[in-house]
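Take a look at the structures listed below.
One chain, chain A, links the two complexes that follow: it is found with chain B in the first and with chain C in the second.
Right, the complex of A and B next:
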């Protein structure tokens, strides 16, 4: 390390070491990016709480969150808008994290849950409940979770051939997506106008009217599964080099893949149950995070934070531009994400990968 | 498939015939009566191979003879349908993956360098089996990574991106990664494929150096017989999923055996550089007495 060459920047990797032999590896840029994203997510969250028919200043929101607001402000912040923002943060983080897991395992930036039919799978589950059971919001959420998990397991089994491999998984997922969409269309033809409206709103993905009933179950799922996925981070980074290389380094490739994918599937399904299949967050967040950190590996935590930032910013934009609850957040992410997808496809084409 | 043809020139008795009195000499890595198959396609049946400790063993044979498959089994990338691969006396498949990775390294035929990774970063991944959640990057890790890069002649390239290196340099980076793993046994699956001739020799010289100076046991699959004859200390020649002959190059690389293993008529002469056997394939038509 005595003579660094000038051709490329020195990677800022620092190690924290203790006398007891413990050491933690830190990529400075990744850590800074993470802190920055967290600050942006929280600040945008506070702005979002202050946005609506009864606007509040940044300072007022902070005071109220700290317990110093008047009863009117407390009602608006704690009961109406805080849970919605928390749902946005959690859902965004779940999509970002799950997207990073999927893209790492499929080794393909297109291999994200929203491209692979999970959104459609959850939609089928939710629509079955809406159309045939006329179920409550809770029942719809359960239907969505079931639909997402069943889709995940089905894709997994269909793509299984001596382990799950990148392109196979992506192709099976895209096929599943098309078939599930056909089922969604069929269910829509069976629905009456009220059910169809309800179904369409759900499928667009929206944060309006989300309250603590959506926050707690999702938070509970996150508390269990996010650490599981983060613990898979180091072996997942090894998987980037190909199965043989990872296995040669002592990674139990099959076990890591199944564990991380299952956790990611449940995370996506739970997030979808809380806010609907909000498009493109899982697709874009990991790639954007990676470009910011300039660090190899799955960049799990930055991807999760980026997902949270994206969703809160999209909701903020939607509310500021179109007014409170005029345009569901899924429309905003769909438009932005669609543009990103085009750019990605063009880039992949140039690189000769598509 | 079960009856093994006699291997007249092989001096080492085959491990299946070993008696228990020689138990202490059993080598660290061995395959015992393994059946190797991809799904229904059987590549080798009841195959037994022993890798002599501290050897540079090269496995040769015609295409589809099962040499790469054997290497995959020895490196636990392929689980035998019957029999077992033994590492230090116990089945490799029953040992914890990380523990095996501290003893046995593998340079696979194809690996993908992650986008935008630097040489030092890639080599440092070789330390993975020695690390844990709370022991991610010790001073020792850092020292070994640097040493591995210097041993492979890429000590100056640490900050370069892997994508911008030449094929030969890139192969050195992967070898450095395997070295950083610090395993006494190192398996290489066709390490010279896709390289220019000068890079092939560069990589093989490096392997020889690792074998001689660091005393590591190396096992490589090579396509080029003359490379095998020059660099190996022990050659295993395979055909049709069976070991036809094994032993020192001078014993295995004979005109008779080359014809049996490769169906190749040839003369064997002394390599003027090293004195090892050099294969000169027979010409389709004899050389004209004099080209005028």
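Right, the complex of A and C next:
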């Protein structure tokens, strides 16, 4: 009697088993999405290398990357544009991953680090260096890391009251955000106009002029922290069901939260130090990834890949539309993010999820 | 018993007015040049062109008057918003309304060549109105929780801040001007500024006081309020209009100032209880006390320079906000 058309299709979940009795669940759609995102990120990266005052074809870039280009091409690719693209990929991935952790723990799609005052905290650190020390790029980056980490720990401690709860973390972050923004504005009035322009560019987030000096530290941080966060993936997925259920399933809720949040805070701070607080990547990447994979849980790896895709595409768009280094990439992500936010709020409100 | 309470509240209001008067006089006397209190009175009543009199008439008096007006406006706006949204965390700054006004003003200055306060006060109103409607709708209108509204406001503020940064990057001259305005300050006050915003704030104040009684009904929830005969739509529209007028005028005159509208109504509620008919007048009197106090503090701590009042209120208000969050179980509200 029953019509099979209405029943939900069997979820495409496969298990991968080893001879030793270990097994891991594979969600087919999620894996495909991940591979697709990786391909798009790399392809967009190659296109981005080929974009600029001296355009190169897709094939030329690949040949040069493989070591077969002429000296001029080698200089442009290896010394000028490759590090910039790598920074874009890494920063995007960091923001995406950290955003996924934050949104899972705050259990709110808007609870991402750029809304919760981390951008402002990093900005305060960077501006202190710009305005009072007239520091180098490296010093600014150190200031940003310090500002971001201090802000993160402070918000965490202030939101602590027999554990950290989503809404309190969000609201304390909002309170801190407004306060820190006032300090940013104050520092802006103390700057001369050159420093103020430099500070504004930094706060918008830009990839122009990034070289290997930014790539290596960020890569090192990623190598250490990304595995830590990925290992938290399963317990984080349990946390989405609520603390009690997660605890019943054997998740040590408090420890997982602290570990994942601290790792995410350091990731965000390092990425911000490399490229400035680029808006809305951390907010949008995890949600777009989740929509693509249609999988429950924090979708950590797809979110990271999506972040990389978003940032590289945004940079590509700003370079192609406005010309090389005319408009910082933060302006593009800001505009896109604003549009996405309006759509999200209008949509999620109906479902009552925000 | 109620009559006695009413007497206490009236007496309290009188005391608050006296404090306001004292703070205002102090605001005229304190600064990089200290002026004895006797000279303050003399400078206001018998202007004779001495240096002191010029400072009083052209600098300190307009500044203090602007502080009075803007403070009252922000405090009333905060109190009305908290009642209207039934949300203890509502504040023109946190909900992004000041940011909307400033984004509109910056657009006016950059793209439409607006230079005078008379014209850009209209931009501020449009910005404030659009953002307050957007936050209210996006936050989920009637079933908005404090977290949702605050997030919607903060997210919109993030968008607007990005927009401001972009505009400033394209236009260095605008950056040089705007970075002093967006910080929120009373320092550039002049008599014409004060005169321009008086009518707007006056209308806003009247509207706010008129909705005090219906807002008491709104506090009981929509169904109860309707049963009591409150006209909900009319109340909401009037309250939103009041908030827009008050925030828009205050922001146009002194830049975005956060947390005044959040802190004062909370303090007032502790004195008066939940009756809006008392909360609103008290807020209107005590908010300028806070704003002028913060302004004086900013002049004293960074002498001979000064700390802009917007920074002082944010640094004082941030901890208050966090304290409110920690104290309550907001999720259920």
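The working rule: the second predicted complex is superposed on the first by the 346 of 354 C-alpha atoms of A that agree within 3 Å, B and C clash if a C-alpha of one lies under 4 Å from a C-alpha of the other, contacts with A are read in each partner's own complex, and residues count from 1 in each chain.
Here is the rule we use: a contact is a pair of C-beta atoms (placed from the backbone, for glycine too) under 8 Å apart; a residue touches a chain by one contact, two chains touch by 3 or more.
Worth saying up front: this structure is predicted, and the values here are computed from it rather than measured.
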Fit or clash - chain C, chain B, common chain A: fit
Chain B versus chain C as contact partner of A:231, first or second or both or neither: first
Contacts of A:115 with chain B and chain C, given as first, second, both or neither: second
Which superposed partner A:107 touches (first chain B, second chain C, both, neither): first
Touched partner set for A:252, first chain B, second chain C, both or neither: first
Which of chain B and chain C A:294 touches, first, second, both or neither: first
Which superposed partner A:75 touches (first chain B, second chain C, both, neither): neither
Touched partner set for A:240, first chain B, second chain C, both or neither: first
Larger contact residue set on chain A - chain B or chain C: C
Chain B versus chain C as contact partner of A:186, first or second or both or neither: second
Touched partner set for A:21, first chain B, second chain C, both or neither: first
Smallest separation in angstrom, by C-alpha atoms, between chain B and chain C in the superposition: 13
Residues on chain A lying within both footprints (that of chain B and that of chain C): none
Residue ranges of chain A touching chain C (in the complex, touch as defined): 108, 110-111, 114-115, 158-159, 161, 165, 167-168, 170-172, 174-179, 181-183, 185-186, 188-189, 191, 193, 196-197, 200-201, 203-204, 279-280, 327-328, 330-331, 334-335, 337-338, 341-342, 345-346, 349, 352, 354
Residues of chain B that touch chain A when the two form their complex: 39, 75-77, 97-102, 105-118, 120-121, 125-126, 128-129, 131, 133-139, 141-142, 146, 156-161, 164, 178, 181
Chain A - residues contacting chain B, complex: 1, 3-5, 7-11, 13, 15, 17, 21-25, 107, 162, 231, 234, 237-238, 240-242, 244-245, 247-252, 294, 296-297
Chain A-facing residues of chain C, complex: 89, 93-94, 138-140, 143, 146-148, 150-152, 154-156, 158-159, 161-163, 165-166, 168-169, 172, 175-176, 179-180, 182-184, 258-259, 307-308, 310-311, 314-315, 317-319, 321-322, 325-326, 330-331
